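Lettered A, B and C in written order, each chain numbered from 1.
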Amino acid sequence: MTPVIQVRGLTYTYDDGTKALDGVDFDLMPGETVALLGANGSGKTTFVLHLNGLLSGTGQITINGIPLSKETLAKTRQRIGLVFQDSDNQLFLPTVEDDVAFGPMNMGLSIAEAKLRAQAALHKVGMSWAARKAPYHLSAGEKKRVAIAGILAMQPEILVLDEPTTFLDPPGQRALIELLGELPQAKILVTHDLAFAETLATRAVFFEKGRIAGEGTVPEVAELFNWKTANRKP
Amino acid sequence: MHHVRIEGWSARQSFLHRRDPRAKSLVLLTFLIAIGTADRRFAEIAACSVGLFLFAVITSRLPLGGILARSALVLPFSLTFALISYISGDAHRAWLLTGKSYLSALGVLVLMATTPLPQLLRGLEEMHVPRHLLMVMQFLYRYLFVISEEAQHMRAAGACRGGTLRGLQRRRAGFSAAAGILGVLFARSHARAQGVHYAMLSRGFSGSIPALDPLHFATMDAIFLAAGVALFSTLRLVAGAA
Amino acid sequence: MHIPDGFLSPGVWGTLDVIAIPAIGTLARRAQREFDEHKVPLLGVMGAFVFAAQMINFPVGIGTTGHLVGGALLAYALGPAAAAIVMTAILATQALIFQDGGILALGANVLNMAIAGVLAGYLPFQVWGRGPHRKAAIFLGGFLSLMVSAVLALSELTVSGVRMPPAVLGVSLSLFVVSAVLEGAITLAVVQALEAINPGFIRQPRAERSLAIWVLAGVSIFLSACGIALAASNPDGIERLIENAGIASHTQKLMVTPLSNYKLASAHYPWLGQALAGLAGLLVVYALCAFIGRAIRRSRRIASVAEGSA
């Protein structure tokens, strides 16, 4: 089986000279859900920004066998849906419906098609009722759902979610887990939330100082890198 | 918060709410010019306008008290100058300053309370206001909520850490603390702008934000526009001719 | 100072609107070239920042506080054209949503604060921003941005016939000076805090070939602003100002036309004469702004060509 995402030797250096990524090799198989774990500043977010061509370091990124380049950028951004950590950054238009239709409109769909896509995506995340609302009047969990709908409306093949559980209360997290579990796409989850990762991810990858330091199942990786919030009482 | 209230009003439904933003802006402009150029017999124009606006507010299902009170935001400024004019012996001007500024604010508020800002901006775009400026306004309005909230949190956090210094020392410390807060707020806003930009790019943004619901200038809008413009110009001309 | 509707005489707001509209159009195009539409979120979010910054109080004296107005700070962070657009967006939002400043008076407010204020605030930074007097330049920019806008607003009001007794005028002017000093101090403190976080937040002033134009333009903006105020409050103000300042004779010739108009008209219609003199003065200010704009644009183009060829 060919991987949907293949990354080889990805290296990225910030303007000030710090190496954010240092030779990352990574594969994502169809239908697979991978959790990216690791400390703040270990390069996880920098890594996912590369998948969408928002940052461009050296090395090779191949999406479904097609190398990522300037020419394939638009197509890639349509294939890989990036859900950002802060929903407020993603929801910038005056109403929920406008926002969810933003991606489809940019893909060149007609207004009617874009509206249909938006309605279908909002329905899927259970937010149809909020279509005419302003995003800033929604709760954090609702905003996250709308942000995901904005991505789903573009019908991507791969979903990348950066810290999706931050700002969510436990019912919000539970609802998110249910929603993501139902979506068939291959997924990359950048997260600190081990329980969340363990529920959804089939595999985990651990980032350390811009490299992938190890991988395995979520419990294995957590054990290996002592990546737990607290030791369980005996 | 003030803008949240106005936004709530603008989401209601009524004849005036349904009118095209272009028609409403042009009628408002006529009204503002009628008020702005009036001098003698301003009282008559003012009385008629107040009557018209009361009618508009009530038929648009807006709270009269709220609208009148919020238009009064302009009064501290006007009354100061009115007082100065009055003391200088120009009672007529004192009355004009207060009346004109209050009525104009009332007019603008009625427009904003019946027109959601995004719609108004789209109308202005159709009327050839530079799109770049309107996009800046749209982002400004959207992130005003978010960044004001951050500022509030930071102000609260700063107040919690208020030191035990006294007098000048305290003032100086307070001054640099406030500057520090603004520095961090700026940095966060900058990072947010970057984040917004990334999120837009990743959804295929290529320079323009397409409108989902194009404006539709109906016959009723044309009638409303013609009637409004005729009404206020007549009002101004009749009162001014005498 | 946001002038509400109903304060300016029709001649004044009309003229200023007619002036401000193309000026903003030009600046918007310029800002668009510098910050392509991809950067529009930055300008909008920075506008929201300046709005929110008003919630942070700076202690000044017993029980008094001040806050950032932001024209100069924006100019240092975004460049003058983009800063003018952001300030215009702020003023328009304030007028529409917060009933702060009028719609017909928007042209006047934009001209005072978003154009003259921002350009005057940027001027010292452009001239001394690289040298040893950088701090002083940043302070002075904050000071000027507020002072120029306030004096312009005051003179527009006086020209419109909103008369103030000398005592009130004196008090207002000294209040302006105090708030302008405060704006300078706040601007400097915030710039220092910003540079401690990331020096890249403040743009370095680009090499400027025509310093003389800048200096001349800045001084003229300031003088004409003061001149208008004097002209309006004191019929012989402009003459006296010219005599006192000893401005070169050809400048005097330039000023003669509006002055003779002023004398001629004021014999029959005192109000008209005053308005004419004031408007002529404001036109001079506008011409200077446009001139500065052209000068910056040209030097930028030269600079970018130079960078490109290097």
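The definition used in the following text is that a contact is a pair of C-beta atoms (placed from the backbone, for glycine too) under 8 Å apart; a residue touches a chain by one contact, two chains touch by 3 or more.
The model shown is predicted, which means the values in this text are computed figures rather than measured ones.
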Chain located farthest away, centre of chain C as origin (C-alpha): A
Chain whose averaged C-alpha position falls nearest the assembly-wide average: B
Chain B-chain C separation of Cα centroids, rounded to whole Å: 22
Interchain centroid distance [CA atoms averaged], chain A/chain B, Å: 38
Euclidean distance of C-alpha centroids - chain A vs chain C, Å: 46
Junction residues of chain A, two or more chains touched: 92
Junction residues of chain B - those touching two or more other chains: 117, 138-139, 142-143, 146, 192, 196, 200-201, 205
Set of chain C residues in contact with two or more other chains: 41
In the complex, chain B residues that touch chain A: 7, 116-118, 138-139, 142-143, 145-146, 192, 195-196, 198-206, 209-210, 212, 214
For the chain A and chain B complex, residues of the former touching the latter: 49, 52, 54, 74, 77-78, 81-82, 84, 86, 88-90, 92-95, 97-98, 101-103, 105-107, 111, 114-115, 134, 136, 150-151, 154
Residue numbers on chain B that touch chain C, as the complex places them: 2-3, 6, 28-29, 32-33, 35-37, 70-71, 73-74, 77-78, 81, 84-85, 87-88, 90, 93, 96-97, 99-101, 103-105, 108-109, 112, 117, 120, 130, 132-133, 135-144, 146-148, 150-152, 154-155, 170-171, 174-176, 178-187, 189-190, 192-194, 196-197, 200-201, 205, 207-208
Residues of chain C that touch chain B when the two form their complex: 2, 4-7, 10, 13, 24-25, 28-29, 31-32, 36-49, 51-53, 55-61, 68, 77, 85-86, 88-90, 92-93, 95-100, 102-104, 157, 161-165, 168, 185-186, 189-190, 192-194, 196-198, 201
